[in-house]
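Here chain A shows up in two complexes: once beside chain B, once beside chain C.
For the complex of A and B:
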């Protein structure tokens, strides 16, 4: 237990360092965060226009879309704020940049993941909170479930992103594939699950767990179902376990690069 | 043509517009050959379009069914889905130069190209165009396959109108290039232009017709969208592809030329202003 506490504290230090690093380039940080906020906002206009014309689709109205986007954006933002290196893992492996982490007396995977903060993620975080305000669900339980679901969504997002990055251990530079796979997860999570049936639906509950970062959390917040919440927690736990196993397996195949890297 | 004859022709034409065309055509050709080397990259983009097309097809099939409608905004379900094939074709294969230009402005490498015997902006256009064709083939093949499976063949496409559709598509690339290059050149004034590019991309999604054909927009927004240049990049070629209309073609062509004139003039002015600010240090 003491070891876990120490690692959590270490992760906290890493996040603070990343934040301080971003603050060194404050104007760029703010520009990127504001840019992402506006970017998300304009994208959301599509759904406003869509529901203005079509009112409802497979049980989803604009209120559910606000909630869906709030959870996905907050989860995505939290993940990329605290574990931004998951998105760069494929590139780091392909470039042989794991050497730095391998030589230090800390667990490699968490050290690696928590060492970078994506500046634009602040825009996603803010969007998530703002969109939640538009859902009009201000009772304490709904807010608590929204926050818990978003944290679990963040865990699934980043585990999946890092897992796809691990492809670089096996097929060389997998940056494009990693990016494609995580875009697939994000894209499917932003649509009502009722659109997808059969095999695709099965995939969205298993291999590409988009349902657990979008549609299922929406149902949890709406119905206050603790059973479904348990399902999301289970999916998050499974995704972390799979990531750890695959990362360990991949690490055995890792070949150090000859490049000299300086981490400042 | 022998090498001697080619050299003689090149010497005779030096400085003329014919020589200019040949020069930039050579850049297009060289990059087309380069893109053949990276065929798997193009295949990767083809795979990406499968994802988008699948989601769009499901969304619009469900929407048409829920509305119990055969036509929405003047388009049938099949026309709507095939509209997105062409829209994705333009969106995913267009010249993505903003990042390259931004990097060249930031790291100063733009300075080294100013002395070379080509115009910086035309060079990037020709360079980007050379990479477009291979991507277009795979995106069209994969996108069309999904649309065909979901809603059947595009029987409404007028084959005789395809050259005109291709002309509008080419001008859409030119217009988009003028805007993207201008965004990249903003690096003369701000450190990172990616936020502007993202915003432009998303405006194209909504007002440009990537996520929703402009015909589906509410009245007032539709009027605004039709005046702005964004719909001329994605909506114009896609709409003409699935629902050819000669009058609309002439209108769109005219508007494209006007907006290319406006954005092109702005781009050249921005480049000239920026080029004056470039200082070259030895190294």
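For the complex of A and C:
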């Protein structure tokens, strides 16, 4: 337990350092975050137009869509802001840039993931909080469940992105694959699960766990179901375990490289 | 008791082969061909505590691959290695508390932040006691002369300044062995000399074992008592540096620029003029025939000297000479 606490403190230190590094270019950081916020806002206009004509879609009204977007955006934003290297892992592996982490006495994976902060993801994070305001759910339990679900969604988003990045260990540069798979997860998570049936639905609860970062958390916040919350926590735990196992396996195939490296 | 021992260490890589151009790319897409490249072919060596070893060779000789296996970054294909009793690729984390490493092309300092911030991070990484960390930092700052740059973002430091800060970062946890992979790469002459002096000081102060790779013969001459030369992944020379100097670092090329024009009939005793310009000359010298200082004294007496450089032969030439000398290939280390 003491070891876990030490690693969490270390991750906190890395996050502070990454933030300080980003703050060296404050204008760039803020404009990227604001740009993403506006981008997300424009995307949501589609749903506003939709609900102007229709009352609901598969049981979702505008309030549920706000809640869905709030959880997905906050989860995605948290995962990619604080563990920014998850999105760059495929590239880092392909370029042989893990040497620095491998020579230091800290668990490689968390050290690596928390060593970079993606400024634009701060815009997603902010969007998530703003969208939640529009759900009108201001009771303490709903807010608490919203936050817990978002954190668990962040773990799943981060693990899935990093896991897809691990493909680089096995097939060479998998940056585009990683990006494609991550976008698939994100896209499917932004729709009511009632739209999907059969095999697709099965995939969205397993291989591409979009249900656990979108629809299921919405149900948790709405119904206050601790059973479903346990399900999301289980999905997050499985994602992390699979990531750790695949990363360890891949590390044996790591080939380093001679590219110039810079820690930013 | 050696602190580093390698026994028949091997490392092979599968390298994709393709003929140039689009046709080659399409062919490789349908059916990729791989060639097995042996980067390290059965290297065996031992290194004692406090030794300062130069591990040199031309680009692609296998220096970095060897150092990466010794620091646990790469798994070997075959053979054995122990560093301080640990098997690096199996006990990487335990080992990393006792070794420091610097890869010339892979900085550890955070680029946009001052070195002091990375030093703090390293104190967390190695879980150093705060007071002990501050004492060690103060010692290294003094020894390396980096006090003025601790609060300057790394991106604003020169390469030489940055490399000295890199060394400080690697030694904060008081390692017993320091692996230096091409630390002088890209540095100018002055920065190289300053860095070599700093490495020497730290070696003497801490009885630090240093494993230094370089393709610059100057690093070896000024720092190390023992040198191992590798080429194509194999050890081709393992002996005292004095032996290498005596036999293969005899030739020097001296470039001199005078404060007055050079006459057409310019010549020097017991040396060869390789090139003559209006203001300067390039002279090749065999140091066994005539000492460098004697020639420099003669040049300075001849006319006012504006600029002067002394160059070692490139590593490729040293390797060529080792191969040419029938009796040169030796892996026996003669104690000093």
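What we mean here is this: the second predicted complex is superposed on the first by the 261 of 264 C-alpha atoms of A that agree within 3 Å, B and C clash if a C-alpha of one lies under 4 Å from a C-alpha of the other, contacts with A are read in each partner's own complex, and residues count from 1 in each chain.
Here is the rule we use: a residue touches a chain if its C-beta (ideal position, glycine included) is under 8 Å from a C-beta of that chain, and two chains touch if they have at least 3 such contacts.
Everything numeric here is computed off the predicted structure, so don't read it as measured data.
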item: Partners on chain A (chain B, chain C) - clash or fit; value: fit
item: Touched partner set for A:1, first chain B, second chain C, both or neither; value: neither
item: First, second, both or neither for A:140, with chain B first and chain C second; value: neither
item: A:180 touches, of chain B and chain C: first, second, both or neither?; value: first
item: First (chain B), second (chain C), both or neither touched by A:102; value: second
item: Superposition-derived angle with apex at the Cα centre of chain A and sides reaching chain B and chain C, degrees in steps of 10; value: 90
item: Contacts of A:194 with chain B and chain C, given as first, second, both or neither; value: first
item: After fitting on chain A: smallest Cα gap, chain B-chain C, Å; value: 5
item: Shared chain A surface residues [contacts with chain B and with chain C]; value: 25
item: Complex contacts: residues of chain A adjacent to chain C; value: 6, 9-10, 13-14, 17, 20-21, 24-25, 97-100, 102-106, 111, 252, 254-256, 258-264
item: Chain A partner contacts - residues on chain B that touch it in the complex; value: 41, 44, 47-48, 51-52, 54-55, 58-59, 62-63, 66-67, 190-192, 194-196, 198-199, 201-203, 205-206, 211-212, 216-218, 221
item: For the chain A and chain B complex, residues of the former touching the latter; value: 25, 27-28, 31-32, 34-36, 38-39, 42-43, 45-46, 49-50, 52-54, 56-58, 120, 176-177, 180, 183-184, 187-188, 191, 194-196, 200
item: Contact footprint of chain A on chain C as seen in their complex; value: 13, 64, 68, 71-75, 92-94, 96-97, 99, 101, 103, 105-113, 117-118, 121, 124-127, 153
